[in-house]
Structures are given as structure tokens and as C-alpha cells.
Amino acid sequence: MTSSENGQRWEIEALVAELRELRLQSLENRHRREHPPKLPSRKVLSQIVDNLGAALFPNRLGMPDLTDEGIDYFVGHTLDSLLRQLHRQISLELQFVAEQQGLSLDTHTQATDITRQFAAQLPSVRKLIDSDIQAAYEGDPAARCSDEVLVCYPGITAVIHHRLAHVLYELGLPLVARVISEVAHSATGIDIHPGAQIGESFFIDHGTGVVIGETAVIGRRVRLYQAVTLGAKRFDKDDNGILVKGNARHPIVEDDVVIYAGATILGRITIGRGSTIGGNVWLTHSVPPDSLVSQGQNRTEVFAGGGGI
Amino acid sequence: MTSSENGQRWEIEALVAELRELRLQSLENRHRREHPPKLPSRKVLSQIVDNLGAALFPNRLGMPDLTDEGIDYFVGHTLDSLLRQLHRQISLELQFVAEQQGLSLDTHTQATDITRQFAAQLPSVRKLIDSDIQAAYEGDPAARCSDEVLVCYPGITAVIHHRLAHVLYELGLPLVARVISEVAHSATGIDIHPGAQIGESFFIDHGTGVVIGETAVIGRRVRLYQAVTLGAKRFDKDDNGILVKGNARHPIVEDDVVIYAGATILGRITIGRGSTIGGNVWLTHSVPPDSLVSQGQNRTEVFAGGGGI
Amino acid sequence: MTSSENGQRWEIEALVAELRELRLQSLENRHRREHPPKLPSRKVLSQIVDNLGAALFPNRLGMPDLTDEGIDYFVGHTLDSLLRQLHRQISLELQFVAEQQGLSLDTHTQATDITRQFAAQLPSVRKLIDSDIQAAYEGDPAARCSDEVLVCYPGITAVIHHRLAHVLYELGLPLVARVISEVAHSATGIDIHPGAQIGESFFIDHGTGVVIGETAVIGRRVRLYQAVTLGAKRFDKDDNGILVKGNARHPIVEDDVVIYAGATILGRITIGRGSTIGGNVWLTHSVPPDSLVSQGQNRTEVFAGGGGI
Amino acid sequence: MTSSENGQRWEIEALVAELRELRLQSLENRHRREHPPKLPSRKVLSQIVDNLGAALFPNRLGMPDLTDEGIDYFVGHTLDSLLRQLHRQISLELQFVAEQQGLSLDTHTQATDITRQFAAQLPSVRKLIDSDIQAAYEGDPAARCSDEVLVCYPGITAVIHHRLAHVLYELGLPLVARVISEVAHSATGIDIHPGAQIGESFFIDHGTGVVIGETAVIGRRVRLYQAVTLGAKRFDKDDNGILVKGNARHPIVEDDVVIYAGATILGRITIGRGSTIGGNVWLTHSVPPDSLVSQGQNRTEVFAGGGGI
Amino acid sequence: MTSSENGQRWEIEALVAELRELRLQSLENRHRREHPPKLPSRKVLSQIVDNLGAALFPNRLGMPDLTDEGIDYFVGHTLDSLLRQLHRQISLELQFVAEQQGLSLDTHTQATDITRQFAAQLPSVRKLIDSDIQAAYEGDPAARCSDEVLVCYPGITAVIHHRLAHVLYELGLPLVARVISEVAHSATGIDIHPGAQIGESFFIDHGTGVVIGETAVIGRRVRLYQAVTLGAKRFDKDDNGILVKGNARHPIVEDDVVIYAGATILGRITIGRGSTIGGNVWLTHSVPPDSLVSQGQNRTEVFAGGGGI
Amino acid sequence: MTSSENGQRWEIEALVAELRELRLQSLENRHRREHPPKLPSRKVLSQIVDNLGAALFPNRLGMPDLTDEGIDYFVGHTLDSLLRQLHRQISLELQFVAEQQGLSLDTHTQATDITRQFAAQLPSVRKLIDSDIQAAYEGDPAARCSDEVLVCYPGITAVIHHRLAHVLYELGLPLVARVISEVAHSATGIDIHPGAQIGESFFIDHGTGVVIGETAVIGRRVRLYQAVTLGAKRFDKDDNGILVKGNARHPIVEDDVVIYAGATILGRITIGRGSTIGGNVWLTHSVPPDSLVSQGQNRTEVFAGGGGI
């Protein structure tokens, strides 16, 4: 068996050398051999958000058999643990940015300050999510109770992640925020950029394929269905042909708007309050309040007894 | 370091008090301080469904090196364990409902009865899934063997979950059933409400974005592609403006229908047997058997040498 | 309590017998009682791909605090471990195929040979992924740095899996390759068949609902958005009505093409280099280079102050 | 390979039948087919004791980076969780005993009562363990600080387990208590029966091989070394030749006694306060206070330049 | 921070080279670079023995809530799994020995044969352990029921491991057997060589420090206490001064003997049936049946009011 | 059920308050509310030692299927990981000591220096352990090969831990060293203080109950059996009655000494080279080289046909 065992060689030494060479060539490593970047961890942030859910909704997302006597200890201990972990992740992003910019900052103190601000906003986040749950319950004929909504609905999972990620985005942590958004995207198929501003009582039904861009602004009591896009129409480039980053390029959706499945709404346009956008509509211009937008007629042709398409 | 360590305080005591206050205010807690709800567990139900798959397909979804001598012991032990776990989850839903309705029921005996009925239907569920696997193998030119289908295809994952969830839904456990459906939705992007009735030899290819509503009825040998919606056209409200829940509001799809990617079919309409619905079609009225429905012509304009859109 | 405990019987013996009978009846078991198939394991392959990512990008996808001194040992040990595991999975597919075909092959040696060829291609895979990351960074105004792209973007996750799966597909392992693709599909909603040929600097933004078929050919610097389909228009059948498997049936997309969200491109057509395909376009014929394809006008009707749709 | 695979049969069916037969024959099963006993779980109790240690010494046996703000939440939540788990284990022992005796008791309420009594004694247990730690620190020239003692010394591990187990033993739970004692015995080689009564400031150095019997009574400030036995001299039997269970049969050791390694002290004798018992002494009669007991002279013979023994 | 980070180098490259050199120099590697030995795994064997305990005593060492309906499936599946694992461990020892001896054996078939023989002896092992449990219950006044004995007593843990290890030792697997013995030794402090022959109804109380040698022979109804040694008196060497391995060198203990704590019995002597050996006795010659052996008088001196020893 | 549920209250709030009060009262907390001590972690150190074993003996204690190609990568990566972890544990001890002494030290740099010195000694530790393994193989007639010795013998486990712990002790880390020793003590029953100096080719057979004190000095080729004590005879106290810590108080055992089971050797005496100390001997004075020390005659009395003792 010697020969076949000898055969089982993978030339690892050569591989290791080639991969090292490629790392050194690649842009991102050229300047950082001494200071390899330490990025926030997706796994840790995912756990932190799960624990935030448990602290906000201890009976339903935390431990099922908490009694009145123990519940506040659970909430307090969960917060204490996760805020310390979050502080570490926030520090990693601040250090990463500082090193990229060649700055030397007291990231520890700054992270402490941000973590404290984040914590202080948790009660208002809870209130927003309560309004979202109520909206889901009222908006879906299949929902039997608000507990079912909180436990089952992917739209609620996505919105919990978003509301937490958005607070972090606003506190100057776009990378931590984005990682949290992508955790929800992977679990639900709903892709909400953490920069998007979303009012209370927001509901996404089914949700797979929804995309909401960074500068989108969504009012109160808005309802979306699966595969709705609130995207950018075009990307501006500067004189050197490089994309301009950060400018307002996604739609504004006012209060009480409903957007049905598959609608694509692009550019910095405004959907007036109370409007309804029909399924599969393609919309690139603003519409006034109380508009009803639907696809034109005659979209389909029916051939009775037809063959292959 | 004292000052920075002192700095690392999050005001947890105030946070805990605020969150407690919000819990007490929220609708769902007002009546249940003494009886906090214990909901079925998504994690446990996900494990139960994995084990059901292992019991139904022991070699391919269970343990790979089972021999003829050991296979029935594996199946029997797996069933024994998972049925006991399922009994517990069923009891949780029955208790939850009983408490919501202020009833005092012998949920233990009722759960035993339901679990036994569920178990008795497993062989027919296996037969249905066999037909689904065969349909996938025959319907996809990329499929090389039925094992590949069972192990790889998200459409099969979704349909296994659905067929099990649907039995539970029919036995009066909408919450347990819905949790199982959402496990599949998260893993596959395919969202089938457990209430949907689906005949044998059902195949969904690719699948991401498919939505099938609670009252949809699907015949035998139906094939769907990604992003197909079988949805409701409108939601009826009662005189108080509250959604009417539970009425038939999703399509009926008869035998041998094929629906291509992105088609949206809404309302309690009937797609006659043997029809083909083309990609991206928007359909809100019934079509007779053997119809061929496709989009109208001239949908696109081509500008050779065009600039930005 | 005896009666209720007696009640808690599930008739497992009968169930086990029925399920055994069904296994024996089913097609795939008829010929293999003696040789139950052992399929490659999704869980193991998922772990292998994670480790490949860690070996290729050790600081960002491997261990965050690797130093210059330790990094090559990490890469070498990770490769050594995962290649041995991959060798085992490859052997399983080769044995499975050999048994299906009644052949008696030296699958161990063959697997060794294939594993070595796979390993030798890792550096060029790293180069391709570097080009993909750079394309994502340059193509998305929301991207702040290439690290964010690598860690957050589902399109990059999908493309890493695809580039690895495609090498395995080309080496004659369609099942192993497909399992890897489905791991990415489940995590990202992006469904790329491992057979698809994709050039450098490929970028998929958002990505949920993208489907790319087995025989698709994609050039360099191509960019796709969510819900784009590169699919087959029709499936050919042979004289017996059985699907013809493996023939070229998906589009060719030349260099520098951009395809916006929701576009559906079907059949063995060619999208000429430098073309732009607008959102939601339905395209089943070839277009010349530098084409601009968009939907026709007047697609939507707006009723100010409208009611229900 | 068929023959060797056929060969790999273990005759499981016959084995299962034989083992079933043996279970039915064995004494303990004859009366309990309908009510199989559910015993307290060693694994769960081991975890409970670890958590009790963490609640009593949160910084050193719990979480190392607890701050003043979070420490009480940690202690409260840890207690809440473990007392619920302990309640379950206590119920199991009560039910087990009730079934053995054919009684029908409200074990749930009884367990609640016992758990509450146990909890109420935790502060005094903490005080006792503090005295034990201090005694270890003062009694061992190798100890550098009391933290080292708490974290490293097996004697402290054993005494923590004993003090908790003894409370449970006194509350009428000999089985739960014994399981806890055996967890410590396995980890430390120190075997203290949970019935033994031990005063404050107790220290066992090294400890392997120490045995302390059920009815031993140990005063304050007693120090033992490895392999000391406080055992029974003889076991009384009743007229039927059956062992009499439960009578006082182990030594009484008064305050401030030191017993060196390997000493064997047997029977219901009294070691007077302040006595010192030398290493390897064999003692079966009482000694007055302030005794010094050592082995006789001339125990060893030395042959210079000796050969094999 | 560059300097301190540079400082954090461990000279791994030099270390790896030095350690490689040492491996090559060491005796055991000189002949096996091509065939590194694969030894049976302690972790796997420990798990196998735990599972054997569960199969033999399913309610008490297996799953606590097994019902009559499920218990045989549990036993059958547990046996099926563990016998396959054991087969692998047995193969490893056989291969290891074959390679050491330069033989080329069909170890797979041989391992299958041995595994089957081992399985066939499990019912008689169960009977022996039943007799041991009964002996423990009858021999210890602190034992309340046989369940407590099975779950708590380290002597029973040791004897379960021994009875299983001894069967494997007799089947020609000294290494696998020894690993199992050492698992028990580590957990209990009881060191029984797997070669020792032990009759039914054997009981070791407390147990820490017990040593029983390879060629010891122990009759029926023997009882030992902690720290008893049944050892070799001298080790014979051959003409080259090398130890003679395997000859009978440990005591024979006949039926119904009791040996109290700390007794040391050395050499191939015989303790006649029904004898009692007192605590701490040192015995190197045979004694006839019904002997009572105790230490001489005057062993201790007592000084009332004594100072330091 | 309300009343019984209300009943299930443990008065946690009062308990938490009482325990807080006790923590504040206890000596060790009075001065450290602001700086709670962070001690080295037993769990982490246990893992580090396991990994050191794997790096030193990669085939037998590391990964069983390492090939020549991969082995150095395994060793290098394992060292890189564990040295970073060890650096952290060393820093914890240095900080802990610095805070106790009110010093402000650059513990990070100091820990780096110590870690590097530790690493540099690993090859000589490997050589020592090789000599220990060889001594065990040669000294035990039951040992079949040196692999069995390394994998099975608790004496080898203890000596590996000791040799590593001793290097750390010498480098000024008594707490880290002690934790490692206690890990071995718990697993083997062998208690070697990390301060003990032990020459090459050291072998402990069986081992349970062995105690070797902090200032013991052991030469080359020494062999011990179970329950041997190398202890202190008396503990010196200073004028205040406080134990003097750290002075030489344990035996010196010269080269080629054998000490049989249960021997107790106390005080700063010297056992001359080549001596043999018999079982159960009690020795408190020095003996010259080549001594043979055994117990006096007539130790036991035998009564044929005796009754109870």
C-alpha cells in the first residue's frame, strides 16, 4: 500500500507558497502585513442579535419557562453579557477604520460611549417592533395571534434585525450594521440595507426577494410583499468614472402605502401617502398621494389548448 | 484604569425597568402575567422534521452506513424518540390555545391522540414524497439520479416539510405546522403555507421566491419554477374593517399544469388541467383546460449601441 | 396514570414494517439491498468549503489573529485536513457512480488523482475571487472597502462556492459540486448550477432569486442584480418523450454586460458584449453587442386617489 | 465484497431478545414494567453544582469579567435557572421513592418546598466554604493566596460538593445527595458520604483516597491529609443476617484535630479535641483530648547495599 | 505597537524543525515513517462503553423515559451503532499489531469475527453485573436500593468496565481492553488490569487506590475496600536482565473472601476461601481457608496532651 | 394551577442580596471591588496541555491520520494557536499578582518573554518524556509496546503534565503551573506539585494516591508505585505562628531508587542512590546509597478459621 499512500500527497508546500504570494500581491494586504485587519465577527454578531431578541421578548424569544421572579434577572444578565460582547465588536470596527485611515484613536472609550448610546435606545426599539408585530397581525388574514407572528414570520425577523442594525448604522458603525443585516438576509431572503429609514408599523409579508436600498425612506404603516425592490435607478460617477458613494438614490415611500409583490421602484422618487402599487409594477417616477398604480391591460395572451411555449 | 472601567457601565438597571414596563403595557402580556405563554420551539421542531426525514429515508437522510440488520432498529428508535418530542410540542400548542380561550382541556390526552394519528399517516407521506422525487428526476434535465434529487434539491426539502406540516395543520395544529413551514422557507426561499393542498408528483425547480397561499389547491403532476406566486388578490374585510380570516382566496391549479418562473396568479381562480403558464405572466382570472398563457409581444425595446438606462 | 401512559403508544412496530415495505418497493432500493448507497455528505462538504475559504483568505475568513509567523502553518494544516476530507467525499461519489453502473473501479486512486488536480487549481481560484471582490467593491456605491465585501456580500459567498464547485464539476464530480452549490443557494438565495462557466470580475448584487443554468456561459466583468434568470427556454425530449440531458440550453453572456433586477433571459441566445439588459426584461432572442434592452413604455397606469386594486 | 459485508452481522435480533429476557427476570424490573423508574441525572446534577459554585463565587467560579453592574443579575439568573432544574431532580427522587413504596404523593409541591428550603440555606453554605478556604490557605505552606485555593485545591472542590450535598441529605434526598458526592469523588478521589456532619474551617490536603463515612461527625478546624479513612469497624447484622442500615458506626472527630496521611480510624470512637493522629496509624479506640497518636518504633529495617526485596 | 507585536514571535519554524528531528530519532518512529501507527481511540472507546452500559441497562444508564414500546428499538439501535464502532477500533488494534510484526492479515474479517463473539457474550456480562449490583446492595449498609448502586457506586462503574474489557482481553485485544480499563481508572481511582479473572458477585466499596494485577484470579462473592492491592511481589528478569512478561505473578483470592482497606497482598499466593484480611495488612504468603489475618498489636503509641509529631 | 405556580418562588431577590453582602464581607473582596481578579482558566489550560501533547506526539496524541506531508503544518499551527492562548493565561497570572502587590507592570511584554522561553524548552521536554516512556515500557511486565504506554498509562499522563507545569513554575508562574498539575491530579489520582524537580526516565506505576511535594528532588531512573508519599514532616511556623512558606521540606531521592506502593517518606531527608524502599514503609530519616528498607517482621497475625475482625 506504500505506493498508493505515497500517491496521496497534495503538494501542500507549493500550494502554501503560491497562496502566500497571492496574499502579498493583493491590494488589501500590501499595506498591512504588520497589522492584519481584525474584522467584526458574523458569528458573534449573529449571537448578539439573538440575545437582544431574547432580552426584548424574554418569554417568547428567550427562555420559555421564565417566571415573574426570574425574568428581570434573565433580562439584566442577558443585556450585561451581550453589551460586553457588542462593545468588543464595536471596538474592532473602530480600530479597523482607524488603521485604514492611519489614525490613532482611543477606540476603547469611543466604543464604550457608543455601546451605552445603543443600549439607551433599546426601549424605543422594543416599541417600534411592537408596532411592527401588531401591523403584521392586522395585515395578514392567515395570522392567528401576535405570538405566531413574532415566532414564525420572516418579515418580523428581518425587521428586528433591521431596527437594531439601523441604530448601529446611525451611531457610525456601518460594517457591524451590515453584517447584522446580512444575517437576516440569509435567513429570510429579505435584504434591507441598515441605512434605510423605516417608520413604525412596518410589515413585509412572505418577503423573499425584497430589496431596500441604503438611502430609502419609508413612512409609517407601510406594507410590502415579496420581491419588492426599492432600488437605485442609476449610479452616479465622478469625473474619473468612479462611483459616487452615499448620495440619496433610493425611493421615499410615505405613510400608509401598500406595495404588492414584485413591484420595482427605482430612483429618488416619492410614492405619495396612501398610495397602492400593484404587483410587478415598474415605477421610476414619483406619484402623488392616494395614487393607484397598476400594470397596463392585455398583458397576457391565452391560447386554449396550447402546446409548448 | 478605574475611570475607563467605571465608564463601562450600561445603566442596566434602568434598562431592565424600562423593558419590564414595556412588557406590561404590551397587549399580549396584559392578561398573562400569571400564565406566560409557552410556545412550540422552532429549534426542536426543526430537529423533529430532520429526524422524520431520517426515519422515512434512513439510508440517504439518516445514517449512511446502516445495514439491513440495523435499519429497522434505527427507524423504530428514531420514531420513538421524535414522536415523544412531537407530543410535547403538540401539547404546548394545545395548552397555548386553551389558555388563550380560557378553556381547561386535557391537552395531554388530546396530544397523544393527535400524535398517534400523525404517526399513522407517515407511510402515505412517504409515498407522496416518493412521487415528488420521481417528478423532480423526470422534470429536470440536470438531474442525474433520484438520490441527487433527494439530497440536493431545495424543492424537495420544501415539499418534505410541507407534506409533514400539512398533516399537522389538518390535525388542528396551525402554529406547529407554520413553524415547520418557516424552517423550510428560511432554508430554501420557498414559502408554502401549511394549509395548501397539494397532490402527488409535485415539483418546484430552483424555487427561490415561490409563495403558495393557505387556501391554494394544487392537483397532481404540477410543476412550478422559481418566483411563482399563488396568492390572494384582495383581502376581504368585515363591516368593522377587520380582515376576514380563513376564507378561500388562493388559486386552484388542476392536474398537469406547468407554471414558469415569476408568474403571478392571484385570487380564487382555476387554472384548468394541462395548462401552461408562461414566465412572468400576471393572471387574475380563470383559464380553461389546456390553456397556454404567455405575455404579450413587444415587451422589450432594443437599442443597439445604447448608453445607460 | 397507567391508562394515559398506556395510551401513549404510537404503534411503532406496525409503522416500522410499513416503512420497510415502502423502502423495498421504491425504485432506488430494488437493486441495492446489499449495497446501500453512501452519498457525499452535505454537512461535511459545507465544512470543507468553509475551510477552503479560510485557507484562501486566512485573516478574514479563517482566524482573525493570525500573525505572519503562524499564517502559513494555518494555511498548510487547513489544506492538509480538508483535502483528506474532500478525498473521502470524492471517493463516495465515484463509488456511488461505479455501483450504479455495475463497474468495479479503483476509486481510491482515482479520487487521489482528482483531489490533487483540485488542489493545484486553488491559486487560480483565489485570483478569480480577488477579481470578483474588486468588481463588487467598484460596482456598489454602498461598499466601503473590499473587506466589507468579502465578509458581508452574499454575492461573494455564492461566487466563492461556485468557483470551487465548478472546478469539481469539471473534474467529473457533478454530485459533490451540486451539493456545494446548494449550500450557497440555501445561504444566499442565489442558485448557480456548478456547470455554468463564469469569467473573472463577476458580481451579483443583492442576489436573492438569481438562477443561472448548467450550460450558461458568462464572460468577464459581468454584473447581475437580484432575481435575474439565465434559464432554458424549452427542454428537448427524445423520441420516447424523455428529457434530453446535458445539451447547451442556457444563454451566452459576453463580456461587460449588465443585467438589472428581475430580467429573464431564456434559451441558447447570446447577449453581445457591452450590452445592458433593463430590469424585469423578458428576453428570448440574441442581441448584438452594445445593445440596450428595456421594457416598453406605458407599462403602468396611475389613478390618483385610487381605491383597491 | 458481498460476502464480507454479509459477514458483518451481529445477530442483533437475538441479542435484543436475550437482553429483554434478562431485564424481565431481574429483581428491579419485575414490579415496574408499567412504571419504569426515572432516576435523578448525574449529568444534570453535576451541572447544577457547577452553577451553584458560580452563584456563590461569581467572579472566580462563574464568569471572569463580571462587573459590579452585572454581577447581581448573573447571580440571580443563575440561581433562577438552577433552582428550577434542581426542583426537577428533587421531584424525580421523590417520585421514585413514592413509587417504590406504592404511595401517591404530591411530589411537585413537596419538591417546591424542599427547593425553597435548600435555597434559603445557601448563604450559610457560602459562609462555611469561606471558612474552609481560609483554613486551606492557612494550613498549606504551598498556598499563595485564597484564590489559588478556591480554583486549584481538590479538597475545596470536595468540600463545596459535600456542603451542598449534605443540605440535600438533611432535607431527605439521599439519592440526589449521593450523586453529587460521587461527582466530587470521581474528580478528586475524595469520598465523603453526604450524611457526614462536618464543622467549619475543614481542610483536606491532597486528598486522594480519603474516605469519610455516613455517620461520621467532624468538629471545627479539623485538618486531614490524603488516604485518611474515617470508617466503620464492623457492620451489624440483624437476626436474619441482613445488614442493619443507618446506625451510628463511624468516628467522632472533635475540634482542632489533625490526622496525617494514611491514618485509618474505625468505629464509633471519639478523637478528643486537639489531638494529632500520625501518618498510617491504625486506630479503633477512643483517645482523650490533646492526644498524640503515632506508630510504634522500629517499623523499618535498613540493609545497606541490599539486593531485591 | 509594532515592536510589541513583532516581539510576539515564538520561533515556531525552529521549534517545528527540532521536534521533527526528535520524532525521527525516537525509537518508535524509525521504522514507521511510511506507516504511522493508528491506535485505538480512548475517546471513542469511552463512548462505546457508555453505550454498552445504555444497551445493558436501558432505563437507568440509557434514556430515562423509554417506554415498553420503544425500549427494544433503543437497545437494538444502540447495539448496531456501537458494534460498528467497536469493529473499527478492533481493526485498528489488529492492524497495528500486524504492522509491528510485519504480517499482512485480513484484519477486517478477523475484526468482524471478534466483534460477533464479543456481542454474543453480552447477555452473560449482564448477568454477572446483576450479581455485582446485588452484592453491592447487600454489602453496604449505606445502600438504599439497587438503582442507587448502579447509578452512584464507583465500584460498579469499575466492574462494568472490567467485565467488558476482560471479554475483549480474552478475545486477543489487550490494547483496546487496557484503554477501557484506564477510562474506569481515571473516573474511579480503581485500577483493574483487564487480564484479571473475577467471579460473580464482586464488590469494591469506595475503591480509590485499589490495584488488581494482570494475572490475579478472584473467586465468587469477594469484597474489597479502598486501597487494596493485589500485586506482584517481584518481577522476574531473563538472562539479559529484561523483564519476563506475562507469567502468573499476582494473588489467587478464593470465594467469599473479604479484604479490608489498605491491605497489600503480593505475589502468586492463595488466600483460602472464606478468609478475612484486615485493614492495612501486608501479606506475601498463602493463607488457608477461613483464615483471619490482622495486624499485630501495639501498633500505635498515644501520648495524652502531646505536641507536634 | 395558579397557586402551585405561585408557590414555585425561591425568594431570589433576598438570596441575591444576602450573597452580595457576603461577598463584600469576605476578605478577598474587600480591596477589589473595582478590580475583580481574573484568574487563569482551568478549562483553557487543560486544553492547552492537551494541545501541547498533540504537538509533541502528533501521531499518537494529535491526529491519527497525519501524513509526512501534513505533519509539520499540524505541529506548527497547533503551537502557534496554543502559544497565543498560553500567552493570555500567563498575562492573567502576571496581572493578578501585580494587582495584589499594587504594582503596575508591563505584563504583556513580560508574558511574551516568558511564553517564548517556555516554547524554547519544548524540545528538551519532549526528550525527557521520551525517556519516561522508555522507562515505563522497560519497568512494567504488562506493557506490550511504548505506544500502549503513551496512550494508556496514567503515570505518563501525570508526568507529561508535570514536565510542562514545572517549566512554567520555574519561569515564575506558580498558579498556572498548579492548575495544570491539578488537571493531572484529577485525571490520574497522582498529585505532583509543579515545584518538584524530577530527573529523566521517571516512572510511576498505577499511581493512584501518589503525592510528591513542592521541594522534592528526584534523580534519574527513579520508579514509584501507587500511594507513595514524598511529603513534609513538619511545617515550620514563624514567631507569629504563621507557616513559613517555601523552605526545603521534602525528600531528596537520588538516582536509581525504587519505592514500592504505600511507602511514606517525610522530611528533608536523602534516599541514597540505588536504594529500594519496600511497600508501606514509613521513613523519616536519610538512608545511604544501596539501602534496602523494608518493614519489620511479624506484622500480621493469622487465625485459621477466624470470625469477624
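Observations on the model:
Letters A, B, C, D, E and F mark the chains in the order given here, with residues in each chain numbered from 1 onward.
Definition applied: a residue touches a chain if its C-beta (ideal position, glycine included) is under 8 Å from a C-beta of that chain, and two chains touch if they have at least 3 such contacts.
If you're wondering where the values come from, they're calculated on a predicted model, not measured in any experiment.
Steps from subunit D to subunit F, minimised over paths through touching chains, total 1.
Greatest Cα centroid separation from subunit F: this falls to B. With respect to subunit D, maximal separation of chain centres occurs for C (centres as means of Cα atoms). Subunit B and subunit C have Cα centroids lying 23 Å from one another.
Work out the mean CA point of subunit C and of subunit F, and you get 53 Å between them. Multi-chain contact residues of subunit D, defined as those touching 2 or more other chains: 5, 8-10, 12-13, 16, 65-67, 69-70, 72-73, 76, 79-80, 189, 208-209, 227, 262, 280, 295, 308-309.
Those residues of subunit D whose C-beta lies close enough to touch subunit A in the complex are 63, 65-67, 69-70, 72-74, 76-81, 84.
Across the interface of their complex, subunit B is touched by residues 5, 8-10, 12-13, 16, 67, 69-70, 73 of subunit D.
By the touch criterion given at the top, residues 4, 7-13, 15-16, 18-20, 22-23, 26-28, 33, 36-39, 41-42, 96, 100, 174-175, 178-179, 182, 185-186, 189, 191, 193, 195, 208-209, 211, 213-214, 227, 229, 231-232, 235, 242-247, 249, 260, 262, 264, 266, 275-276, 278, 280-283, 287-288, 290-296, 308-309 of subunit B touch subunit A in their complex.
Residue ranges of subunit A in contact with subunit B, taken from their complex: 55-56, 58-60, 64-68, 71-72, 75-76, 79-80, 83, 87, 108-109, 112-113, 115-116, 119-120, 122-123, 126-127, 130, 134, 138-148, 151-154, 187-189, 206, 208-209, 225-227, 234, 261-262, 279-280, 295, 298-309.
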